[in-house]
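Labels A, B and C are assigned to the chains in the order they are written; within every chain, residues are numbered from 1.
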Amino acid sequence: MTASPAVPPAADDTGRWLHDLVADLLPPMRSITGEGVRTTLRTVARALGPGVPFTVHEVPSGTPVLDWTVPREWNVTSARLIGPDGRTVVDAADNPLHLLGYSTPLRARMSLDELRPHLFSMPDRPDWVPYRTSYYNENWGFCLTDRQLAALPDGEYEVEIDTTLDDGGSLTYGEIVLPGETDDEFLITTHTCHPAMANDNCSGIAVAALLARTLAATERRRHTFRLLFIPGTIGSITWLAGHRADVGRVRHGLVLTGLGDRSDPTYKRSRRGAATVDRAAAVALTETGRPHRVVDFSPYGYDERQFCSPGFDLPVGRLGRGQHGEYPQYHTSADDLDFVTPESLADSYALLRRIVEICERNRTWRNTAPYGEPQLGRRGLYRAIGATMNRQAVEMALLWVLNLADGTRSLLDIAERADLPFDTVAEAADALAGVDLLADESGGPAGVGVGVGVGAGGGASGG
Amino acid sequence: MTASPAVPPAADDTGRWLHDLVADLLPPMRSITGEGVRTTLRTVARALGPGVPFTVHEVPSGTPVLDWTVPREWNVTSARLIGPDGRTVVDAADNPLHLLGYSTPLRARMSLDELRPHLFSMPDRPDWVPYRTSYYNENWGFCLTDRQLAALPDGEYEVEIDTTLDDGGSLTYGEIVLPGETDDEFLITTHTCHPAMANDNCSGIAVAALLARTLAATERRRHTFRLLFIPGTIGSITWLAGHRADVGRVRHGLVLTGLGDRSDPTYKRSRRGAATVDRAAAVALTETGRPHRVVDFSPYGYDERQFCSPGFDLPVGRLGRGQHGEYPQYHTSADDLDFVTPESLADSYALLRRIVEICERNRTWRNTAPYGEPQLGRRGLYRAIGATMNRQAVEMALLWVLNLADGTRSLLDIAERADLPFDTVAEAADALAGVDLLADESGGPAGVGVGVGVGAGGGASGG
Amino acid sequence: MTASPAVPPAADDTGRWLHDLVADLLPPMRSITGEGVRTTLRTVARALGPGVPFTVHEVPSGTPVLDWTVPREWNVTSARLIGPDGRTVVDAADNPLHLLGYSTPLRARMSLDELRPHLFSMPDRPDWVPYRTSYYNENWGFCLTDRQLAALPDGEYEVEIDTTLDDGGSLTYGEIVLPGETDDEFLITTHTCHPAMANDNCSGIAVAALLARTLAATERRRHTFRLLFIPGTIGSITWLAGHRADVGRVRHGLVLTGLGDRSDPTYKRSRRGAATVDRAAAVALTETGRPHRVVDFSPYGYDERQFCSPGFDLPVGRLGRGQHGEYPQYHTSADDLDFVTPESLADSYALLRRIVEICERNRTWRNTAPYGEPQLGRRGLYRAIGATMNRQAVEMALLWVLNLADGTRSLLDIAERADLPFDTVAEAADALAGVDLLADESGGPAGVGVGVGVGAGGGASGG
């Protein structure tokens, strides 16, 4: 483990800091429950530093959660497959992927033929070890390279799986709540269950940790931010089961996963399709001027499946880069430290920050002087000499905001209709709010009057 | 008349059976009323066989029907035009088209100049006889080839039209009602008034008859099917006038006409534009992978004009091939037995069957466990080993149905959004209904659990 | 001043008449208040002739109007800048543009350096004098060509600005109200404040005057027409302030400006985007078959900014040709009599007339016999011989109107859906209304039955 994550990154060193944290997060044997998760959350806590309130929850095995039940806690002491010649074929100590996730304990001798149904490899990628699990169907097995599998001699094998499945255990997840000026929540989640893979999902855990650290140090937050470090599927189901009454507060949400590979960034829309977070993500990606993808919701993927189930239908999208199943390294031993880059991690983090910023700044205003244009000149918001041709973007933004801020349109709506940058429109709104020409209809507190006076004492022209 | 229509077609002989029936239907002198219609309905009855309940209705002349009145019954004994040399110019016995439809009786001698306003030909198709009528404007006339017309010598002509227009007659139509599990109706209509033309509309009558025969032999019908064999315009108006209170039961409807020519199949949308039948037809046509057309509603055409009048606005579309007015043979003697093919008739019939099947199978379901994803694994509906990459279509369909079945979306909606075949989605819904994860919101009875278990005892993966 | 505007133009002399009126309107020193406006309105009154009720309103300086205050009245006796050699550099008597609009009075001597902030020129157009104003920010200044400015020698200059800003003055505007059969109003406005520029806005004033003259001579008007000749911005704000309770009557509106230049005609949509006037303008422009533009609303431009402010949100669009800021002559001395052409003025006037005509004729009808098609034949509205293929546009229009006239769709809606000319659909509606098959749902009086009988005693065909 490197020492760096304990101190925050310098602005230009974000990518390196994140990559170091990914390296720290990589080693433990992880699954949806067990000590590996707890080790992971301790690494997160260290990276967060002392200023971030981080709670680790334990939910007892057997707890009913929605249509599911929290499973027994799984822990691994050791797991080895020993060949007819007495030599170790695979050992989970070398790579957690070698053990089928949630393997039941077993000490047995058997022939290769008996063993085969329990061995998993990738014929088309003969040098990679696949990642396989069997959470809810009792089973055991080993994952190995296809080259290893092909070379196994006949004979008696020894299976030594020292695992425990404990009815008295629990499911572990981490939670950070950063209160804001309103109870409206921005929910950010990332899954903590995948072992030994850098992109899926040490990258998501690292980026979420850095966001929490940064937001905690921010002077003002309009939204309350909630960050969850949870096992995939059963973790979000467990959290949702415990918060059915509260989820109405979630105004925006993002699932973070696969943020470090070299692919272009990808945003997957929420089920709603045009939620604020969906539109903010589209703006943030478009602003980069670089290739990116925005894809529609589908009920396959990560925890957005649960947040966007029809009963909840939360405005939760997903930010990532290469999508599950698109890249060959997905769910294999090839998703390693070289597969993720500091540059991609830093770029993903910057995008996330920008999406958050847009959601923080977006509001629905109401023009308080909607009959005719208010006289901007006497309020110091209009050019002094009339009848000139140059229309500055900010002056246009003032007029657009006044014209469209009728209590139904957000700044994102106005920026889109006016074809102006979001920040220009937001600055214009702040200026107008500063002279009481706008009232906040979003429910949140009044905006900060930034003061974008365009010339002093200017007068509105009649054309 | 061939004997074949009396026995049902073998599966691979549908086209031949339909073509033989068209040949049987072709000869009689037909109009919107009269013996020709009754003869036609007897041929239909024979083709239906004994298992289909077929009712022939007689509505008295003079009955007020909506804005119209059922006209006098028209019958033809004979109709000839005799030239100055005593030779017959045209005789309706040779071809019913020679007589202007609804010609009043007349025995008269007159010059060619007096006769001319009563002679109809097609200058641009000099060898074809046109089809012309004058139902509601008392008139008489003959239709002949332009070549014949051009060769007519001056002199005295003899008009011998022995027709009757009977105030004490009636309008005749046939009706088949096949009760289903619900009172929701699927209405199928075809016009029986056109004489001596194979495509327009012996093809429609034949295809409707075969559908009735097949549906009557089907074990389960969700909808009640109503098939009408009616004269164009006045027939649908008469039926609608008598069923104003019942038309709310019509959930889907199709007007059948022009189903035998060599053109690509064409579906004309209902006035609503996106009714279930409109979407089912689009799916059925797209599934063929062959050229086809889907055209918007317009208030010109066949009986869809009446069903889609604004007061009724029923979800009734039209299935055909070449459209009225598009092909030169339309409403001429060239619309003969060679103009329709067994292949086109069989193809039209298959399309009709598929549209009916989709409407039968389409439903609006509600996910009974909408909070989070239900655990499919313990219900035997999910693969056993997690974290693999292969997503089978049916597994995706299960997730899509669960995600979108919120009581407002039909299976057609879900298939469209998921970009999956309709049958795949319908199978997934049946499987989910089979384990009580779906409740029917369509008002109909519960679906048949077909059981598409994907692996036994599989467990849902967290990604 | 030419004599011609006092008599109405011959039909083929519209462009010349308008151009002569533009020439009459050009000379006076004009601003948002003052004698120049009154002179302008007297020229308008002469052009209107005796048959048009024309009211000149005076609103006292200091009157609060919405967020504004009616400014002091500004008048100019003379304004000269005299050079070090005693020669006149610029004199407002030569061109009103030489004086900064609303310049405060001043008699002073100063160096060129002191003078410079008060001199306005156009470096990129060295031979043109720009138009500049300072209505609400006390200032003074001269506008001159950049060539003049560059040649100014050092030395003492004499500023002689003899203007008055009178607290006891008023704002002057003209108004014409032509009552119609309903209180629904068509509002037409044009700005009267710009001095010495032919296109902006003598063209608008001239075209509005001719429209008023023509409408006043029209036998029937469905709408009440209100035409306003007002100073830009403060004029519309003043009128709106005095008519807040009445603006709900405004069903259609147009701001007229820049109607004489050689650019293609341009229509700018109202804030609503699809108001009747927006759609009528689009139809009128499309019908010309010539290049044109329809642009979306933006809150920059002329008085549509006020009418379309969110509190009023009136259906007011703008008709013009080249848009403000698009052509280099905009707001300069190059916007002179040669810049506007009789052809463009006549074309703009014809477009305006057509938009007005469509709005006058557009209605929302309800089919009184909506169940099935009514029998058009017995009402003389359908062809006599059935089963023919030719579908005349007017017959199709009859069917479309009957099918879609359900009390929610206007004739513009129906024409668009049917893809038929507006006039064809309007004629069909008149014919149907003439036989009581339509009832007016627009609130206005019944239409004139124009009678487009298609053949006598025709009968509807069944296809």
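Convention: a contact is a pair of C-beta atoms (placed from the backbone, for glycine too) under 8 Å apart; a residue touches a chain by one contact, two chains touch by 3 or more.
Being a predicted model, the structure only gives us computed values, none of them experimental.
Novice: Quick check of your reading of the touch definition: is the inter-chain graph here a line, ring, star, complete or other?
Specialist: Topology of the interface graph: complete, with all chain pairs in contact.
Novice: Same residues or different residues: which describes how chain A and chain C meet, taking over half shared numbers as same?
Specialist: Mostly different residues.
Novice: For the identical-sequence pair chain B and chain C, what's the CA-based rotation angle in degrees, nearest 5?
Specialist: Angle of rotation between the two copies: 120 degrees.
Novice: Distance-wise, how many Å sit between the C-alpha centres of chain A and chain C, to the nearest whole number?
Specialist: Once rounded, the distance between the two centres reads 55 Å.
Novice: Which stretch or stretches of chain C touch chain B in the complex?
Specialist: For chain C paired with chain B, touching residues are 367, 369-375, 377-378, 384-389, 391, 396, 399-400, 402-406, 418, 457-463.
Novice: Residues of chain A touching chain B in their complex?
Specialist: Touch residues, chain A against chain B: 32, 66-68, 101, 120, 130-137, 139, 191, 193-194, 200, 231-237, 240-241, 244, 257, 271, 298-303, 305-306, 308-312, 324-325, 330-331.
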